[in-house]
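Chains: A, B, C, D and E, in written order; residue numbering restarts at 1 for each.
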Amino acid sequence: MVGIFIIGIIMLAAAVAVIVVRQPVHSALALVGVTLGLAMIYLILQAEFLAVAQVIVYAGAIMVLFLFVVTLLTAGKEETETKDLLSGQRWASVITGLVVGVGLAVVIATHHPTKLATSLSSSFGGLHPIGQELWGPYFLLLAGVALMLLTGAIGVLVLNRTEGTKAPRSRPLPHGVSVSDGEGESRP
Amino acid sequence: MISVQYVVALAVLLFMIGAIGVLVRKNPLIMFMSAEMMWNAAALAFIAFARNYHDMSGQVMAFLIIGTAAAEVGIGLAIIVAVYHRRHRLDIDEVSKLKG
Amino acid sequence: MGYLIPEVLLAGGALLALLAVAMLPNAKNLGSWIVLLAMLAAGVDAASMWGVTAKLIMSDTMAIDKYSILVTEFVLLAGASSLLLAWNADRFGAELPPLMAISVLGMMTLGTAANLMVVFVGIELLSLPLYILAASTRTRAGGEAALKYLLLGAFSSGILLFGMALLYGATSSLTFVVYPAITAANTWLLWSGLGLVLVGIAFKLAIVPFHMWVPDVYEGSPTPVTHLMAFGTKVGAAIILLRLLAFGFYGQDGSWGTLIGYLAVLTMIVGNLLAVPQLNLKRLLGYSGIGHAGFLLVGIATHSVDGANAMMFYLLPYGLAAMAVFGVLRLIEGQGDEVTLSDLRGMAYRRPWLAAVLIVGMLSFAGIPLTGGFVGKFFLLQAALFASQPGLAVGIVVGTLVGLFAYLRPLQMLFQRTEVSAKVQHLRWSVAGAVVLGVAVVGTIGIGVYPAPLVHIVSQSANFYWLTGG
Amino acid sequence: MLWIFLLGIPLVGAFVTLAVSNGVAKVTAEVIAGIEVLAFIAFLVGPRATLDLSWIPAWGIRFHLTADGLALFLLGLTAVMSLVAIFASKADYGRTYFFWVLFLEFASMGLFGAVDLFLFYVFWELVLIPVFFLLTGWSGARGRLAALKWLIMNLFGSLFMLIGVVAVAVIYQQNTGHFSFEIASLTHLAISPAAQPWIFGSFALAFAIKAPLWPFHGWMPDAYGEAPPPITSLVAGVLSKAGVFGFLRVMLPIFAPELARYQTGLLIWVAVGLVYGAFMAVRQRDMKMVTAYASLSHLSMIALGIFSLTAAGIVGATFLMVAHGLMVGGLFLILGVVEERIGHREFNGVMGLNQGAPRLATYFLFFALAALGLPGLPGFAGEYMIIQGLVAHEVVFAGIAGFVLVVAAWYMLRLFQGIMQGRPNAPAVADLSRGQVAWLVPMALLIVVIGVWPAGITSQAVPSLFHAVHFVADRGGKN
Amino acid sequence: MQGLTEILLLPLFGAVTIGAFKSLAPKRYAGIWASVLLVASFVLAVLADVHLAELAAGHRVISGTLFNWATGFGPKIAWNIYLDPLSGIWLLVITGVGALIHIYSNGYMHDDPDRGRFFGYLNFFIFSMLLLVLAGNLLVLLIGWGLVGLASYLLIGFWYQRPSAVQAAKKAFVMNTIGDVAILIGLALLYFRFHTVTYAGLFSTFAHATPNTAYFEWTAVLLFIGAMAKSAQFPLNGWLVDAMEGPTPVSALIHAATMVTAGVYLMARLYPLLRLAPDVAYAIAAIGAFTAIYAASSAFFQQDIKKVLAYSTLSQLGYMFLALGVGAYTAGVFHFMTHAFFKACLFLAAGSVIHALGGEQDLNQMGGLYKKMPWTTASFLAATLAISGIPPFAGFYSKEAILGQVFNSGHGLLWIVGVITAGMTSFYMFRLFLLTFFGAPRNKKLYDHAHEAPAVMTVPVVILGILAVIGGFFGSWLNGWLAPVFRMYPGASHAALEAGPVFGTVITVGLAVLAFFIAYWLYVLKRTAAKAGISTWPGKWMLAAYGVDTGWRNVAILPIQVVGTWFRDRIDQGILAAVVGVANGIWLWAEDLRPVQSGYVRRYGLSIMVGLGVILAYCLTRV
C-alpha cells in the first residue's frame, strides 16, 4: 500500500518531467522511469507477466527506439523548443486537461467497486493463465496484434525507403537509420 | 488490501498528464511519448480493475495495449523520422501547411 | 470459427501478397491481384452466410449477424475500390495492397465486435496501415498528413482506451453486449467511460469537434488511401458506434440519444459549412465526409431500429458516391496529388462521361432524387420523425442545404466553356478506374431508382436487439 | 402502359440525343419531342391509363402515375412546350443541352402525373437539376449565379417539404399501422395541433418558392433573365406551374381543413403578390423582367383561385395554369427573339421594331394580349373563373384581381409598344424566319382554341377535382 | 340560326383572309374584299331582321347555341347567340354604316401602304361588334366587348410610328379594360347568385327579385361602369378624344357610330336590372346629363376638327344615357340610331376635308371650303342641322323624345341641363361648320390644293347625309319595333316614345337657333379666329376638358408608378439582397470558420480535449 503511494508519487513526478523538461532525451529517460514504475505497480497488482512484458517491451524496446530517434533527429539541430506561438494553447490545454482529470478523479473517488469475496488464486496474472486466455478465446486478438507488428515492420520499410526503390530489398529492419536521404522534400 | 481506487486515481493523473503533454509540447517526439503515457495509464487502469474483479480479461487487454503500442511506436517513429530528418527543429507547429 | 472465414481469407491474402511482393518484386500488380481475389472470395463467403442466425462467437467477443455481414461487404467494397484506384500506380509502393488488406481486416473486425478488446484491436488494425499509407508517396503533404493522423490518432486512442478501462471498471466486463444484463446502475463511472469511448470513436468517425484531422489528412494522403479513409473508416467507425450504443447501452433511454443528436446536428452543419469555400477537391470531400458523418449519427441518435437501419443504409450510397468522386479525382490527378476546382474546367465538354460520373456522385452527396443519397436521407428523415425528433430532421435539411453550395460549385466548373484545364486535356482512362466508376454509378443510380431490395435487406438485418435477449 | 411511353420516350430519347453527334442532336431531339406529343395525343384520345407499380414496398411507396383532368393538360402543356422549346433552340447548343431539355421533359411529365407523395417529391426535385445545368452551361454572364440561386432556393423549400412529406406518412403510419404515400389515402390525418402548422407551412413554402409567389421569388429575376429563351419559356411556362399544381395536387386533399382555416391569410398573401407583381412589371426597364413579374402576378392569380376554395376558382386555376404556360412561354420565346435581334434587354421608350419586323410584332402582340387577359383568349377565361370563385368567397379579392387586370393591360401594352411601336430609333431588325413562324403558328392556334373553347379543358378537369368540389360543398361553400 | 352565324363569321373570315394574304395580293383588293364581305353581311342582316319581323310580336327572338364555353364549376356557360329587335337595330346600323364606311375607306386610305392591315382590323372590328350585340349571354357579350376594345386599340394605333397615336391607343385600351373588368365582376356576381348569365335566364329571375337591395345596386353599378368606359362617360371619357389619332373612318365607325354606343346597348339590354336598382338608374341619368353638358362646353374652344366632333359624340352619348337613366329606352335607342347617321356623316365629311387638305385637321387652317367641296358641305350641313336639333332633321326627333321623357318623368334639373346642352350643341357645331366651310380661306396654299373627294368617298357621305335628314321619321316605326323587347320583362314603364310639352320643344329649338345666330355672328360676321379665347381661363379649362386627364394621372397613374418604383427599388432589392445575403452570409461564415482549422496539430488536439470535457460534463450531469 505504502509502496504504491511511493511509487505513484515518483511516477507522477517522472510523468510531469516528461512533459516539462526541455531536452527530449530527458523526457525519454523520464518516460523510462514511468514505465518502470508501472511495471512495479503491475507486480503489486499481481500482474506478473505484464510487469515483465512492460519492462521488456516498453523500457527495453520502445524507449530504446525513442532514445535512438531522439538522438538521430536532434543531432546537429536546435534542441530546445522555441516559444509557443499558439496563443493560449498552453493555458487552455492545462486547464481543460485539469478539468477532465479532476472530473475523472471525482468519478473514481465516488465509485465504490464491488469487492469480490473470494480470494485471488495464486496463479492470477501469471504466465499460464494469461497464456491460456491469449491462446484460447482471444487468440484472434493476439493474431491481430501480430499483424499490427508486421504492419509496423512494413511501415518502417515503406516510409524510409530511398527514392527509386520500388520493391523491398533485403534491407535491415532497424528503422529509418540509414535510409534517410532524398525523400521527404520531393513534393513536386 | 490495496484499494483499486487509488491505483485508478493514479492512472487518471497519468492520463491527464499525458493528455496535457500532447497538447503543450511542440516536439513531436515528446507528444508521442505523452500519448504513450496515456496508453499506459489505460493499461494501468485495466490491470487495477482486473485485480479488483479477479478477471483476467483486463490483463489480456493490457497485454494487447502493450503489443499494439510497440507496433504503433515503430510506425510513428518512422513517420516522424521521415518528416523531420531534413528540418531544423523538431517543431510540430512547423508541420502546418495543410489547413483551412 | 467458420464464421470468420472472410477475415481469415483476407489476412491470408495480405500475408500472401506481402510474400509475393517481397519475393517477386518485378511481378506487376501481383500483390494487388492476390488481395483483390482474397477480397472477392471473402465477399462471396460473407454473402453466403446471409441466412445465419445472429450469434456470439469466440467467447462472446464477436457477434455474427446480418449487420456484420453487411459491414463486411461494405468495407470489402471500399477496399477493393481503393485497390483499383491505386492500380498500376507504382508511386504508392508495392506494399499498398497488403496494407490495405490489413486495414480492411480491421474494419471487418469492427463489424463483428461485441467486446471492447475487439474494438480496440480492430481500430488499431484499421489505423496503423493507414498511417503508413498516408505517407506512402513520401510527399511533404503526405508526411504532414501521416504525422497529424498519427499523433492525433494515438491521442484519441489513448482516450478511447482509458474510456474502455473505465467501462471495464464500471461493469467488470469487456464484452459490452452483456452490459444491459449486468448493470442496471447508471453510475458516473459507466457514463464517463462511455463518454471517453465516444470521443475515441467520434474521432475516427470525424464528428465535430473531433474532426479536425480529417481535411488535412484527406488532402495530404494519396487519393486511393483517402478513399479508403472516407469510405471504409467511416463504415467501421459508424458500425462500432452503433454496436456499442445499440448493444451495450440501448437500455439507457434517451441520454446518449440526445447527446448524439446534438453532435449530429453540429457535425452536419459545420462539416457542410466548411466544405463550402474549399478549392481543393479532396479537402472538400474531407469536409463533406464530416458532414455525412453527421447524417450517419442521426440514425444512431434516433435510438431506434429504424434509425440503425437508416444509418446502415446510408453507408452504401455514401460510399458509392465517394467511389464515383474519388474515382474521377484519381483519373484527373494523374501523376499529381492535388486536384483543385479549377482543374475541372470544361470537363463536361471534353470528357462528358467522366463529367457525368462526377455529377452523379456529387448529386448523390447532395441528396438529389434518383441517386442513392436521396433515399438514404429520406430513410434518415423517416427514422428521425418516427422517433419524434423533428430537430434532427431540420438538422439534416439545414446541413444538406449548406452542403449544396459545396457540391454545386465543382459541378458548375465542369461547364466552364471558355477554357479547359490542362489536367482534363491530358487525362487518361484506366480500366481499373472505369470499373470503379461503373460500379459507383450503377450502384448510385440503382439504389436511387430501385431501393427496394436494399431497404429490404437492411430492414431484415435489424434483429440485433434480440441477440442479447434484452 | 401508355405511361411507360410517356415517361420513357423523353428519358430514353435524352440518352439517344446524348449519343448522337452534335450536328444532328437538335433534329433528334425534335423528333423525340414530336413523338412525345403524339404519345400524349394517343393518351388524350385513348383510355386514360394509370401506372401503379410497387416501388419500395417496405414503406408503402408506389410508382403511381395517373392522368386525371388536373394533370392531363399540364402533361400536354409539357409535351407541347418542350417541343416548341427544342424548335426554338439553336442547333449549336450541342447535344448535352438537348439531353437536359429532354430530361427536363421527362421529369416534368413525372411530376404532373405522380399521385404518390414520394414519387411526386422525387420528380419535384428532379426537375430542378436539368434547369440547374442548363442555366450553368448555356446562359448569360450571371447564369452560374442564377443557377445556384435557382437550385438552392428551390431546394430550400423542397427539403423542408421533404420533412413534411415524411411527417405526413409517419403520422399516417402511426394512425393506421401501415405505410402509404398515396395522396388519396393521406386525407383526414389527425395531425397534432403543434405539428400541424409546421407541416402545412413546409409544403406551402416549397410550392411558393417553386411557383414563385411573392416574396419567395428571389431566384426568379436572374433565372428568367439569364437563361436561354427556350429554357426561360420552359421554366416560366411549365415548371412554374408545378408550384401551384402542388397546392392542388397535394395540399387540397391532405390539408383541406387547414386551407380553410388559413384561407383569409393565404388570400391576403397572394393578393399582395398579385398587386406587387403587377406594379413591379409596370416599372421595369428590362423586357424580360416585365414578363417575369407579370408571370409572378399571374401565378398569384392562380393561387388566388385555388385559395378561394370554390369550384369555380379551382377549375379556373387549373385552366389558367395551362393557358398561362402557353402564353408566357410564347412571350418569353418572342422576347428571346427580340433580344437576339437587338442584343440587349433594355427597352427605353420607343424602338419601333414593327417597321422592319411586322410578323414579329404581330405575334408579340398576340401573346401580349393573351397574357393581359383579352376576352376570347384563354387568360380571360381563367381569370373569369377565378374571379367567379372569388366572388363566391369574398368579393374584395375579386376587386383586387380586377384591378390587377387593368394594370396588366397597362404593363403589357407598355412592353409591346415600347419595343415595337413608335418612330424607329435604330436600324430595322430582321423579321421572324419561316422556321420561327412554323412553331409560333401552332402555339397561337392552340391558344385561340382553348381560349374560345375552355370547356375542352374544364370539362375534363371536373372529375379529378371532384374531391375539391366535394370538399367545398361540405363546407357549405356556395358553388 | 337564320344566317346569324354567317353574319358573324363573314367579317371574321375577311379579317383572317386579309391578314393571311395581305402580302400576296395587290393592296387594293383588301379594301374591296372587305367591303364586299360587309355588304354581304349587311344584306344578311337585313334578311335576318326581316325574318325577325315575321315572327309573332311576343316571340321576336332568334337564339341558338354554338357550343359550350366553359363547364365544370356550375351550370355551363355556352356561346349563345341571340337576336331580338333591340340587337336587330344595332345589327343594321353596324353592318349598314359599317359597309358605307368601308367603302369610304377605300378612297380615304388609298395612299396608305398599310391598307391591308387597316381593312383587316376594320373587318375584325365589325366581327367583334357583331359578336357583342348578337351575344346571348353576358359572357359572350363581354368577349365581344373586349374584342371591340382590341379593334379600337389597333385602329387608334394604326399609325404606330406616331408616339401620340401609340399613347392614345394604350390609353383607350387600359380605360376600356376598367370597364371590361367591371362587367366581369358584375357578371360573376350575377352568375354567383342566379347560376346563369343568359339574358333570358337572368331576366326571368329578376322578375321575382326584390328591388333596391345592395346586391343589385352593386351589380348594376359594376355593369354601368363597363358601359361608362365603353361609352366614354365622365370620368372615363379621356380616351375618346385621344382616340381621334386614328384614321378618320375609324373615328366615324368606332368612336362615333357603333362601338361607343355599346354602353347604351348594354344598359338598354339590361333594363330589367335597372328596375331593380333605381338609385343606379338615377345615377346613370345624372352622369349622362353631366357628360352631355361637360362635353359640350369642352367642345367650345377645340381647335381640331375631329376633337370637336369627338366632344360632340361624348355629349350625345350623354343624352343617350340620360334617356336610359330615366327609363326612356326607346328614345335612347332612337337617338343612337340617328346619331349613328349624322355623326358618321359628320366624321366622314370631316375626313373628306382632311383628305382634301392633305391631312390638316386644324380649324385655323381651314375656311371657305364650300366652294371647293359642295357635296361635302351639303352633307355636313345636313348633319349639323340634325345634331343641333333643328326640325325636321333626324336629331330633332330623337332629342325631343329624350328631353320630353326626362321632363315627363319629373327630372326637372336634368331636363334643364339637357335643354341648355342642346343650345350649346348648336353653337359649337355651327362654329365648326362655319369655320370649316365659310369665311375666308385661312391657309391659301392648302385651300388652293383642296378638291372634292372622289366618288367612292362622297357617295357614302351623301347617303349618310340623306339619312341624317330623314332618320327622324323612323321614330314611330322604331317604337313599334322595339315595343316587344321592352315589354317582355317588367321595368320599362317609360320605354315607348312619348311627346314632351310643347314649350319644351320651343325652348330647345329656340336656343338652338339662337346659338346658330351667335355662331354666325361670331365666326362669319366678326370673323373671329378659331383660336380666339383659348388662353383665357375658361377657354384654357374647356380646351383641356377641365383637366380630367391630369386628374387621372394624379389619382391613378402616378400613385401606381410611385408605389411600383418603391417596390422595385426598395422591396424587391431587399428580397433579392436577402437571398444573396443569406448565401453570402453562409459563405462568409464558412470563411470565418476556416482559420479555426489552423493546421496545427495541437490545436486539433485541444479541440478534441475540449470536446471531451463537454461530453464528459454532459454525461456526468445526465446521470
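Annotations for the structure displayed:
Note that in this section a contact is a pair of C-beta atoms (placed from the backbone, for glycine too) under 8 Å apart; a residue touches a chain by one contact, two chains touch by 3 or more.
Since this is a predicted model, take the numbers as computed values, not measurements.
Touch-path distance (fewest steps) from subunit D to subunit E is 1. Separation of subunit A from subunit D in touch steps, taking the shortest path, is 2. Common neighbours of subunit B and subunit E under the contact definition above: A, C.
Chain centres here are C-alpha means, and the one lying farthest from subunit C is E. By C-beta pair count, the most extensively touching chains are A-B. Seen from the C-alpha centroid of subunit B, the farthest chain centroid is that of E. Geometrically, the chain at the heart of the complex, using CA-atom means, is D. Centre-to-centre spacing of subunit A and subunit E amounts to 101 Å, using the average Cα coordinate of each chain. With centres set at the average Cα position, the gap from subunit A to subunit B is 5 Å. Between subunit B and subunit D, the centres computed from C-alpha atoms are 64 Å apart. Inter-chain centre distance (subunit C to subunit D, centres taken as mean C-alpha positions): 42 Å.
Residues of subunit A found to touch two or more other chains are 86, 89, 92-93, 96-97, 100, 103-104, 107-108, 111, 113, 138, 141, 145, 148, 151-152, 155, 159, 183-185. Residues of subunit B in contact with two or more other chains: 4, 8, 15, 18-19, 22-24, 26, 31-32, 36, 43, 48-50, 52-53, 57, 60, 64, 68, 71-72, 75, 78-80, 82-83, 92-93, 95-100. Shared contact sites, meaning residues of subunit D that touch two or more other chains, fall at 148, 152.
Interchain contacts (touch definition given at top) occur between A-B, A-C, A-E, B-C, B-E, C-D, C-E, D-E.
Subunit E contributes residues 583, 586-587, 589-591, 593-594, 597, 599, 601, 603-605, 607-608, 610-612, 615-616, 618-620, 622-623 to its touches with subunit C in the complex. Chain contact summary for the complex, subunit E toward subunit A: residues 598, 600, 602-603, 605-606, 609-610, 612-613, 616-617, 620. Of all residues in subunit A, only 1, 4-5, 8, 11-12, 15-16, 18-19, 24, 27-28, 31, 34-35, 38, 41-42, 44-47, 49-50, 53-54, 57-58, 61-62, 65-66, 69-70, 72-74, 77-78, 81-82, 84-86, 89-90, 92-94, 96-98, 100-101, 104-105, 108-109, 111, 113, 115-116, 118, 120-121, 124-125, 129-130, 133-134, 138, 141-142, 145, 148-149, 151-153, 155-156, 159-160, 175-176, 180, 183-185 touch subunit B in the complex they form.
Within the complex formed with subunit E, the residues of subunit B that make contact are 19, 22-24, 26, 31, 92-93, 95-100. Those residues of subunit C whose C-beta lies close enough to touch subunit E in the complex are 147-148, 151-152, 155-156, 159, 186-188, 190-192, 194-196, 198-199, 202-203, 208-210, 212-213, 215-216, 255, 259, 270, 273-277, 402, 405.
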